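What follows is subunit A paired twice: with subunit B in the first complex and subunit C in the second.
Entry: the complex of A and B
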């Protein structure tokens, strides 16, 4: 299997070498240019693996496909679109912002804002009645201190006396 | 024979567990202490029973009993014995047995404690943990039996526990498929047990919380009893996550440790609620507030633990259809729904009795800031949960599969994590009950000034990236503010007691382990944040194919390819291909690295092991992507420079230290007197813990 894949790669490289004189040698896209696009795409066969790091033979060929398309002068967007057209929206690292997919972008902020609102209202509800009762408490303050860990009380005293 | 024995023992443990739950239930209903005692003993019996079954399974694994399908799937002759033992949790069925075994360990341990003061909890704790254990054992004995064997029946090989037809004979394959090579890494051997320990340990706090709800004991007794359980559960879960990250960094070959993969998030979600619980439980203990909220958090954590196991075990993540095909999927889903609904129903039933004893007075008090912390953790949870669930919804609703990848998570959680860092800096300085902008400002201005200076220096010399600058400022703020807290306490003691500063610091920390252990954890989080900022913002990479003697440059580094060798290691069943590269930094020779690819014949899989050079400043991380043995083209390398990533691991070790410091047994907190009920007008203005 390993051997077979090596032969395949060799064949690919050789075809690359044969084809390459057609284009100016310098124009052949580098691995980095290929990876820059592959990074944004997800392997259509493996789960949740970006195309630039996927070790499978299929992904290796897809990377070569990106290289080929780059050398044909296609833009990043066109190449990504090509993959979406052929393998579906799952090759993108995020769902496209259309139709139902808006839910993924809208729901979390709505929930978070709702949470913040509930928390804020709870604060309000908690703090309001305290304004009246807060003054009635000082007599119990000493009692509540005595129930605390005596060390903490001492540390507090130490901190107060420090100045 | 052995397989039948192992399966038989599993069946007996299942029956004993069911009995234990039912006996405890009827015992408490009919006020029969003898029945409850019988339930307790039955529960204790589950531990030796599942242990025997597990040992049988391990024996089969170690001795190449490939007629057992589980053994065939996860081991092979060439695997060393220790790997065959760890294969116990390397596959589906075995890992469920492992889960059950851990749960039996924990529930047995908990039933052995002294119950004199909490006798009313005991039967209900047994009922709840028995229900959980029944579920897992039931799943094993019905759907995921690790003792299923291969049979040759009418010319076909069929997996079955018992003889499928009269003339069937046992079929023993020559060799097994072997454990997935990715799972043979030391990090991956320890990672699942740690994660499972964390997962399973959270069942105990949940069981106590439910017992408190059922018995109507609405004080903070359940949080006090389970405080240490939660802390240890959190420790193991955190450790599991960190080890998983380290494993990914070392063997997955994508230059990072966290990819926002649904499987990772499945383990991260209970950690989020667990962390929120760890904080908000303190409010209940100190102030008698948030009783409802803590119940919700413990229910969520438990449900997310089961849900996380479900996500990773049912195959639902690859496709909702594989969920429908796998028998355990619907079973799991049913259990999660059932426990969630009944827990929430219990909570609603007791809702009026769980009213807070005091109320919030100031938006800047410690408890208010803890609540904000909880809001942030819950927000991250919402982002994660929705990100994992949405692809399933999309597939169900439209048939279209989508990927929710790192860009979504990073954008959504980045500001939330920044908010957590900010709270980490200021919350320890605020007082319980009451703080004002002035008191907080007075406490923090020195730290803020120091952090500003550090950030200014970084801005001038290291980076102008706005996200990095904000991130580093927050990290510096946490570090200075926390260090200042240590210093302030130690100085106060030094002055009062006349001790030297180190003795003062040591005694101070020794007297309040949870508080100062917590501060060490805050420091470790800030250190980890440095690593995260480094790799997220400054990671660079390049890839190139070079012949021997040629070089690839990245940043200040130059990597020169020297040679490559490929050889078989027949004993291990592995083919190694190892490249030798020289590395230089600014022209200075640093040494050699050896990126390699290991090919495992039994499972026909590759493992990419990077060559790494780690310093405090950055990691040079080189992967051998490909090689051409017969041509002069040479080898293809992918090279990453991961700045500051080492701080992630330094932070992790600090974290471990802080947690063990906080959780180390001293006086049993359960023996401490319960906090006196606080009346409405009561005020506590301590800055301590």
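Entry: the complex of A and C
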């Protein structure tokens, strides 16, 4: 009986050893969770390559740091703030709305509006001369038609007289 | 003959002034930014503005966790930018440490390591691996590297006792003698 209980205890201990690594893995953030934050960051060493797809050693270290901070329970905002504090605001894919950065947000809509305005004025310029012509057109046309009729009438008269 | 006329309704003068001022301002901004980018690193002869380097624990200077360049007036300052992910930095790590150990008791030379875009655990592992003992800390917010407009790592800047840059080494040193020969230029 004692032997059986020893075997049971041993089996439980071994099972515990087998299970514990599974619990540890479950606690670790997945690659998707890490990349969800990483894709919002750019390492200053590899410009124009988002952190989630950057193959360099520096970026791998950064991703591991994100994983570590996620496992410590830090929020996305806290992690991003850590990177800004340590490496500067230029690591953010979306620059903070302060100082000259505002130009990035203001200029594109301003240019679009200015373009639309220029296009509108150009259309106006193209259509107005025709409208002026159209205004003066019917009178002129009437005049020329009546002149033409007189000419044709005279021509027909001449032809009749010749006969 | 009929004359077609378009009524002229130009943009008012102040709007034109605003638009032109805006365009000129934008061009000036782009110009300044581009010229800064093409300037390269700070040049020998430039006086280096003061900066503060926070230090890793275990690498403090006289018990303090940060140092300023201005504290080292009267000494030659060797400022080395490095990173744990930088393979060429490993080539010169032992040489830098050896040079530091040569001069540290003289009180005339200070070595500062600025860890560029790195993570602290890897940085510490690197410092342990090469048994580095000179003052080291992270370049927080990449402020110091931006001040020097570094192009990469490793880069080493030699600042004379008056706070003026007198030599720039881009890339790793090949020997201890190379480091010493630059330092000796400014020692009495």
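What we mean here is this: the second predicted complex is superposed on the first by the 107 of 163 C-alpha atoms of A that agree within 3 Å, B and C clash if a C-alpha of one lies under 4 Å from a C-alpha of the other, contacts with A are read in each partner's own complex, and residues count from 1 in each chain.
Convention: a contact is a pair of C-beta atoms (placed from the backbone, for glycine too) under 8 Å apart; a residue touches a chain by one contact, two chains touch by 3 or more.
As the structure is a computational prediction, the values presented were derived from the model and not from experiment.
Q: Which one hits more subunit A residues, subunit B or subunit C?
A: After superposition, B is the partner touching more of subunit A.
Q: Which holds for A:65: it touches subunit B only (first), subunit C only (second), both, or neither?
A: Second partner only.
Q: So, A:57: does it touch subunit B (first), subunit C (second), both, or neither?
A: second
Q: Identify the partner contact of A:115: answer first if only subunit B is touched, second if only subunit C is, both if each is, neither if none is.
A: first
Q: According to the stated criteria, A:86 is in contact with first (subunit B), second (subunit C), both, or neither; which is it?
A: second
Q: Considering only the touch criterion stated at the top, classify A:42 as touching first (subunit B), second (subunit C), both, or neither.
A: first
Q: Would you check which partner chain A:104 touches, where first means subunit B only, second means subunit C only, and both and neither mean what they say?
A: first
Q: Hey, what residues of subunit A end up touching subunit B and subunit C alike?
A: Residues 88, 90, 100, 103, 107, 129, 133, 136, 140, which sit in both footprints.
Q: Can you check the complex and tell me which residues of subunit C touch subunit A?
A: So the residues of subunit C touching subunit A come out as 2, 4-7, 26, 29, 83-85, 117-119, 122, 138, 140-143, 146.
Q: Over in the complex, which subunit B residues touch subunit A? Could you list them?
A: Listed in rising order, the residues of subunit B that touch subunit A are 253-255, 259, 261-262, 317-318, 359-363, 368, 371-372, 375, 378-379, 382-383, 386-387, 390, 393-394, 397-398, 400-408, 412, 488-489, 491-493, 495-496, 508, 511-512, 541-545, 575, 599, 604, 606, 608, 626, 628-631, 633, 636, 638, 675-676, 678-689.
Q: Can you list the subunit A residues touching subunit C in their complex?
A: Residues 43-45, 56-58, 61-62, 64-65, 84-88, 90, 100, 103, 107, 125, 128-129, 132-133, 136, 140.
Q: Show which residues of subunit A lie in contact with subunit B when the two form their complex.
A: 1-2, 6, 9-10, 13, 30-32, 35, 42, 47-48, 50, 53, 55, 60, 88-95, 99-101, 103-104, 107-108, 111-112, 115-116, 119, 122-123, 126-127, 129-130, 133-134, 136-138, 140-141, 143-145, 147-149, 151-156, 158-159, 161-162
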